[in-house]
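We call the chains A, B, C and D, going by the order they appear; numbering starts again at 1 in every chain.
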């Protein structure tokens, strides 16, 4: 646990909206969190809560021309990425911050060989004059545990399995030795056995390079295994952040509580998994007060009137819910 | 990285940057003529059939009978003079001395006999071959410069039919040369006795000739080389003359205004054709009830047409008042002045009289008729003329159902049963020929192809009279009697109003005065095949 | 491993579909309604329908003395003939109005007939696949290799020129282009789950094709219709240039452009006016087609 | 890959056989060449003689048998007008057309691809609108009208270029533009929509994540993928060009096979018409096969299928 490690990435009140035909979708509506070197922060929530958009906003790859970042700061080692010009931003991508996407099938360019696509990434990275680029590419493949890298270099994407391709994408992502790696549900498209291998690989890479990782997922099993800390997102905002153990043991925000309850447990009889009634509010006309109000068991009129501030609960553990104020330590 | 290099190659294919030098006018020694068609472009007189062949075959081959250059019709050719025997059964031709083929062989009577027999041979598809086969009994070489042709019966116009004024069947071909190199060899390297030697033929594009170096009886060319270009699109031909890429271009009357606007000179060849309209199969039972069967209605239809407006506006003044059917100012065997007066009065524009005639015939408020509008090859302006005629008839209250058809589709309808044409009118044409009689046979004689008066099975009074009149002309040896008989035939047709001339068309050419000097065309002959040897250079004879 | 043959066909069909029905993604921007093209198309239809009422003269009424009058605003022009007169003194404006009717009829008949056949063949070929598919597609290839102008010429020459012949000739050629694109769409739609589901429920092939396949293919089909309007009018113009177009005296834009071509210098309006009309209509239908494609955008399928 | 080529050849042969029958029938329906060769006053006897000389007097089924048997031996009969073997006439004129087509195709590519890319890259901006309008102009302009206007402007008014016919390189400029503009329009729209399709895919995000610039992403990563469908339509455009050439060759007096086809129809020259259509179809099918092979070469997914 790298509690005392320096903060690599700090996001303050980030807002990113999508201007569509049906109105302005406030996908990311005031997100703040910090990420330390060597640490893995899980960004969790139902699909459509804005976690992918948050990831894309960090690397400023929102879908043009609809998506636009309207407010907030993204401080990478103290520098605010939102003020950088596109060429400056290009230098950041791949070298200081990188990303792994969800579907390996479409992440690699079908007409170029694997070798070409890695070499291209390496050429962007720091000039490591020591060994030739090809040798470094083969090392990169070896590091992600791809067998016989020499042959693999000449292969085309369609000749490799999903798992193999995701490893290559991983190799590409870390080729530039970035300080921060954003993994947007990298294993969702893989089957379980390959998933575990891939997560172990990411852990190993992180251990070796001390890079900070933002792990976006909706799978709590992965969160438990991978993440040091967790931030739970709902309707465009983070409702609770804290150490993984604390959240699993004693979730304080009603939404986190409900989420934890709906995760099947190994121990104990499992009759019927509880689920949360209702739907998350549409992101293009959000209610004024707390957005979980309609579905919250402990809702009162204050929750509906006013959005609750984020309140500290424990060490590096905070949540945005009026209930906390009413009973500071329920434990 | 194979695919990347492949695409770089494709993108790199930059358009060949040719030198954009100013357009060079054709060099001074070459006479360039842009034509709308080169026919079959086969260098062999027996292989092409339609008129265009006179463009490209005339420069190389002389014709047994030549032209009267001043006012059209026939004149001396390879044969200086010719004589019809007393019994009218044979013609004797006396050849000009000292004529030579391009390979040096002398032109003799054997060549003439060989040529005529070659035209009549089975593999010849020359359009006049059939007429020649019907006319010629046998050919006899009297001596090197005299040849006698025995005809089946008396054929007064036989000599004329061996002249380019009529058709191509009179071309004289080298006997020895063809027998040595064979037909294929002859077509690849053609030899003739004309003022131009063959250089090269590029199919669908052009034919090049070279002037002979010795004086020639038809005229010694002023230019060293002659090039005939095939340029199908009229606006392109016009552009070529304006830029000097061509000296002369064939154009239609509608382009005359455009040509003059571009500073080009206009050369009009008088009497090249006659645009006519005619009624088909009125004698047939199924057309019995048609209003067109009433001669007053037919005369009214002619009086309804303002021919002067058609000449001035549709033809842009490139046309003349017509003579009677198939007759021209240079026609033989007819009294020209009489028929000039007739056409002035009978073909006048008189809508009042026309209305009166229609009323008399019981069609005061008009009737409905079908009118086939088409254009024969080489005279596309027939369609606008047809539209103008229909317009005049519509003004007279006649409801005209016009069907514009491409010539290839219309022509077959006029043969055999003529099913589609019975009881209808159509545009048609008579070509500029010195004698009208053969053309009358085609249309009015019962055995003729069009037989508009009647056919052998159904030949009413008019048809019988026409047959008798035609027989009288054909068998008549005495000139005066034949002229009277011809006048009788023309009058018969004129009074029937079944085949009516509209305007006398002219061949129109656009000329670049800086490329070729002033020259006069041969009346009646649209093609310049027999004129190129007399075209002067611009400095020799400037345009008026 | 899909057979290469199918791979290519799918890719080609998708590509052609991409050509005609591609849409930019993501769909954030608001597709403005193409008011311009709506207006032009409305005017065109109005003109075609009301031609007899609004045309100043009858399109075939000749007055030879005032032939080749320039448009009213030019020197020598007369207000009686706003857009001047042609070689036979007929009013260009009236012929333009009546010509709209002819061009629209030819386009409508050819596109509906050709499109209809193409739609049917495309659906059957795409849905059934296998031998029928390759047979139909080879027929499509054959039709595409057969020269457009030639078929029209042969038909005009054998059946006699006229509106009907032109429509048939264009229909014979259009259906192949529609069939190929529709087939591509059907291949894409066929693999979707709801088709399998329908089959599981025991629907007959015919019902599946009609109920499930057609609606999904309809928007591409509609777009193709609009984009091919231009193609049809140009074909008609080229046929007139080659002398196999709509015969006089019926006015048609293609014939007018073709007739006017030899008067470019002295009477430019004879071909420029109908040419501009054709361009305006084609532009309008293309913009309408683009807008239609965006509006009917399968994006609805993605949400 | 060989199996694919063989099957494609078999289908082509079947296709050509059907095409031969269709052309044989359609040509004869359109009329008889003899009528066009005879003079107005030719009698029925003359017509019979001419039909015999041209070999058209035999019954239709016999003519069909002779034609098909000859076709197998590569002898497609003798042209009625040119009195030469039809294949010879065709191959005399083919080089002229083939000199024009590649120029028009390459010219179209060189203009269409950059325009398409610009339109896609700057989607929705002025650049996109303008190139869209140019594309529509290309589609909406009848090529004969364009040709005539180009001649009027560039050779009559400005005297820069020769008005027509074959000759030095300057003779190729106007015909290529006339033939190519129609192509540029179609290809540009295809490149634009295909590129937009590709730009939406995931690997483009990955490419940008590598820190590549927008231009590199588009030209190096997107374009090759986008050009794959363009190659497949290359064959279709080639077929259109061979037929479209009829109009351009007429306007520019270019002695190509397009013009030859038109003449064969107008003069009802059956043997020449049959030969021209079959040989053109063979060329088009060959080109399409070639394009498919190049397509397979380009798209690795297909190459190893």
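Following the convention adopted for this analysis, a contact is a pair of C-beta atoms (placed from the backbone, for glycine too) under 8 Å apart; a residue touches a chain by one contact, two chains touch by 3 or more.
Keep in mind that this is a model prediction, so the values were computed, not measured.
Could you tell me which chain's Cα centre is nearest to the average position of every protein Cα atom shown?
D
Count the C-beta pairs in contact for A-D and for C-D, then report the pair with the higher count.
C-D
Using each chain's Cα centroid, which is most distant from the centroid of chain C?
A
Report the inter-centroid distance (CA atoms only) between chain A and chain D in whole Å.
The computed centroid separation for chain A versus chain D comes out at 54 Å.
Can you compute the centre-to-centre distance for chain A and chain B, using the mean CA position of each chain? Integer Å is fine.
Each chain reduced to its C-alpha mean, chain A and chain B end up 89 Å apart.
So what's the Cα centroid distance for chain C and chain D, whole Å?
That pair's centroid distance is 20 Å.
Residue numbers in chain A touching 2 or more other chains?
65, 111-112 - these are the residues of chain A that touch more than one other chain.
What are the residues of chain C that contact at least two other chains?
25-26, 29, 157-158, 261, 264-265
Enumerate the residues of chain D that touch no fewer than two other chains.
30-31, 124, 148, 152, 156, 224, 228, 250, 266, 298-299, 301
Show which residues of chain C lie in contact with chain D when the two form their complex.
Within the complex, chain C contacts chain D at residues 1-5, 7-8, 11-12, 14-16, 18-20, 22-26, 29, 134, 138, 141-142, 144-151, 153-154, 157-158, 230-231, 234, 237-238, 241-242, 254, 257-258, 261, 264-265, 271, 275, 278-279, 282-283, 286-287, 290.
Quick check on the complex: what are the chain D residues that touch chain B?
Per the touch definition, chain D meets chain B at residues 30-32, 35-47, 49-50, 53-54, 81-83, 89, 92-93, 96, 103, 106-107, 109-110, 113, 148, 151-152, 155-156, 159-166, 168-173, 176, 220, 223-224, 227, 250-253, 255, 259-260, 263, 266-268, 297-298.
Flag every residue of chain C that touches chain B in the complex, lowest number first.
60-62, 64-65, 67-68, 87-89, 156-158, 160-161, 243-244, 247-249, 261-266
In their complex, what parts of chain A are in touch with chain D?
Those residues of chain A that touch chain D are 59, 61, 65, 86-87, 90-95, 98-99, 101, 103, 106-112, 120-121, 124, 156, 158-159, 169, 172-173, 176.
Inside the complex, what are the residues of chain B that reach chain C?
Checking each residue of chain B against chain C gives 234-235, 238, 252, 254-255, 257-258, 261-262, 306, 309-310, 312-314, 373, 383-384, 387-388, 390-391, 394, 402-406, 408-409.
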